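The letters A, B and C name the chains in turn, as written, and every chain counts its residues from 1.
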């Protein structure tokens, strides 16, 4: 394996991660506001199909992306209305929408399967792309990848540095306190759910018009990505930067599985492709085990020194979800 | 404070849900094929469950097909009702079907070259399927009770792992002579198939197991102290603890029992439908079982009927590609719309009740 | 800023939480607001700070009638509230907490805010690190942060809800100094508490609420006895129940210690005998609940031993206590005691031993009807628990206790119940004692503690008194102890008492 092929591969990783980054950022925003949108998986499929169909029939890429985001926004709005206003379980509604949108994608996408559609052209950035290594890695992509990288930082900046971002953190953490500081909790939850949904929607056409151009129905290979994005949101501890790192790691693992494939002839491709999932469970286990009842009981039985040390280690690994995640909030 | 509605009003909301679902699906159909009226498409789906377009009239073969699809849905729904009773979202249901299928295939592979009578081999295979499903579900349970991993994510992760295991087996150790392919493992000899009725694909044994599984869930949840305790744990684990129950243990029991029933669905897919292990062995019946449970509001009473209806939609939609060149995934659209509409109208109903209570209070 | 509350009424469903409260607070005063739990203090303060709207009545600031649409609205008009558990965002940094919700453009000026935070802190002698995470701060420091924030945002009236719960003595001193200084600067301070000592030490004047009504006001210096009387009302002498002959030791606590992130209680030694009733008194959150839970095995004590019926049960789970004949009845009946969606019949069947694997509907109905009759529950076998009133929920909880109990742990046995239900409940509990059970309970109702306990332990400031015979106490004395008056006297004797107090028999 030459240096050049490695570099091309890694550049491919950056491109492959692009839609996952969009979806993870979207879900991170939504969950930061205290809402779980479980429909991500189906939304991506429907947006991929819809975006592809729109771009194909009108031969307008912009429209394709517009439709994808619109779909994401509408699905999220349905979830927001049914759970925030009608007070139905976010889990139930999100899950039904995940299944419904997936089947809708397959049903409505049937006539478009296998068609040759438009594709976002690569836009090599002049100058920047000539930087050794980094140029090939980051600056020889299509505009979406640039957009995703910019969005990672914009989202991060929004959440941690801006005034509305600070309130956003509060919405998910302690809606009562956010309310006390002047936030209209329900309205803002609506806004972030829909905004997050639109980002998730953007992931769809990013696949169908760029990364995995085309629509191939059930064998498009997109089913499951949404669940990964949900897990990455947790892995990222609801931090856009950390979530994005997770998305790149995920893409890297998938690429590595292809790379090591020839050396492991006995292991089928598909197995290595799914390797990130057990890793996801393991990560979730590590970050959650400190929250369990038996762990607390065990801790209380230890001598003080050991107790405090173990507690500190657990706390360092632990990710704690926004305290108000999934909870209804009523102004008194 | 009037907390309840008359049954008339309740019926009104249920009817509203059906109408809303019909409207949604009609809209979807209209978008996909503006030239065909939606009722024609829906009518075709409905008739398709009982007859073939070529012959018309009642086709027993079709009815048998509906029942064949009904069985795994019954088992999945039965298993899910038990885990739901304990307050658990067993999203790992698909993986549990898959592992049931894997364990069954494993036992059959071990037994097919032995001299053991086929009945014994099949029985052992079914038991193994239940064990496989239970073990996989207990994995989710362990992650939840001792690892603090929410059962939704634990279950999802294990679903993917189960899929991986199947693929690895099909392309690896259990591959067909020559080269492994997506068409699955080498089919089992006919004596290791569950016996079917006439030239249909319906197996009486499988039907009995399916109905038995649902009956078990029904009796357990409605008529036993065990079911009552499960419900108690699901309704309020903290109160259950103060009453001297062990919530963690009941959750594990629910996972084990529910997983066993779900695993049987996978078992029957292998021994009674495909006669081998294929990558898509679960056929999405786990997800459908979940939708069934949501639509009956987690009450076993109506679950078999709703499952039958869902199975009919599934089979009826198979003709869509042939007759109207529409995709058969319309079935999922109809089913999903129904459940969404149900949740939606339930929300409206609750809102109205709340308004009424507030008006009564002031 | 002068605050006037005029004829404030507030209903929560059938509960009349504020009944026509009228109170004027001049600028530059520290106004105390006294009352026991459920007296309506919090409701009144939530109305004043814009969290809830009154059903009737008027708020005037400096003579101007105002309405608040939200807490932020109230703050914009100069009223800031500091909640008992400060309404901040624990995972965020101090500085981020400080600027969150402040008015301004897209980007907060952090440098400016940092300077403001440091300079206001300095004025009051607070030392807050702007870069520390809030969840590493003590409750006292989190309060300081809120005070600084509210002042920065221009609050001229500051409401403090039980601010001294869970803070150290030093922090309390600092807090009081800050409050005095704020009042000197002309700000209006409202100090909600049920500690008499603090009213005495800090407040210029005090208003006392009881059962939603303003029962009286007083100016410093105070007549403590009168305050206690206003707070708790005239003691209706129910007369102490007949003494129950005491039996063997049921529960023995030896040097028990419990810990959480804000409390550290140690050295509790106590023997409870069959037939005996021991009450835990103290302000909410002083550690009574944790101690009760540790004694029942619900949480693991960090030190000491627990013996139940002579067996060492230290560190054993609650289930073992339950099996051996103990039951824990929580205060929050809907979140911890009962199953909201399960019917009375299902509750009764759940609690019964030996019901068999299959449930028989007629039998369940019969058991439920028996329980309903015997415990005078207003409901039918198929009524779900959430549809029952508080009194009937408590009756149902009693109906669920098995007949051969040896030890009952109970949080607030009669909280929220009408007098008739309360008397009935205690009649039942006393019956249990006569049948050989011991009762270990906590309450914030002084009369209940005095009328029914044999001995009382008082919690104050992270310490526990020795067991005090109820006959040696009266409402005034107990009220003062809960407020910290004379508390040192009953604690200092605790160490030797641990040995002398044991069983003479």
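The working rule: a contact is a pair of C-beta atoms (placed from the backbone, for glycine too) under 8 Å apart; a residue touches a chain by one contact, two chains touch by 3 or more.
Quantities reported herein were computed from a predicted structural model and do not represent experimental measurements.
The touch graph of these protein chains is complete, with an edge between every pair of chains. With centres computed as the average of Cα coordinates, no chain lies farther from chain B than C. Among the chains, the centre nearest to the mean of all shown protein C-alpha atoms is found for A. Centroids built from CA atoms put chain B at 28 Å from chain A. Here the CA centre of chain A is 43 Å from the CA centre of chain C. Chain B and chain C have centres, each the mean of its CA atoms, that are 48 Å apart. Against chain A, in their complex, chain C makes its touches with residues 46, 51-52, 70-73, 75, 81, 87-92, 96, 99-102, 104-108, 259, 299-302, 315, 317.
Those residues of chain A whose C-beta lies close enough to touch chain C in the complex are 160-164, 166-167, 169-170, 173-174, 176-183, 297, 300-301, 304, 320, 331-332. Looking at the complex, you find that chain B touches chain A at residues 28, 31-32, 89, 91, 143, 145-150, 152-154, 156-158, 160-161, 163-164, 167-168, 170-172, 180, 248, 287, 290-291, 294, 325-327, 329-333, 335-337, 339-340, 343-344, 346-348, 350-351. Interface residues of chain B facing chain C in the complex, by the touch rule stated above, are 3, 223-226, 228-229, 231-232, 235-236, 238-244, 246, 361-362. The touching residues of chain C, counted against chain B in their complex, run 11, 13-14, 298, 318-319, 322-323, 327-330, 335-342, 346, 349-351, 355-359, 387, 400.
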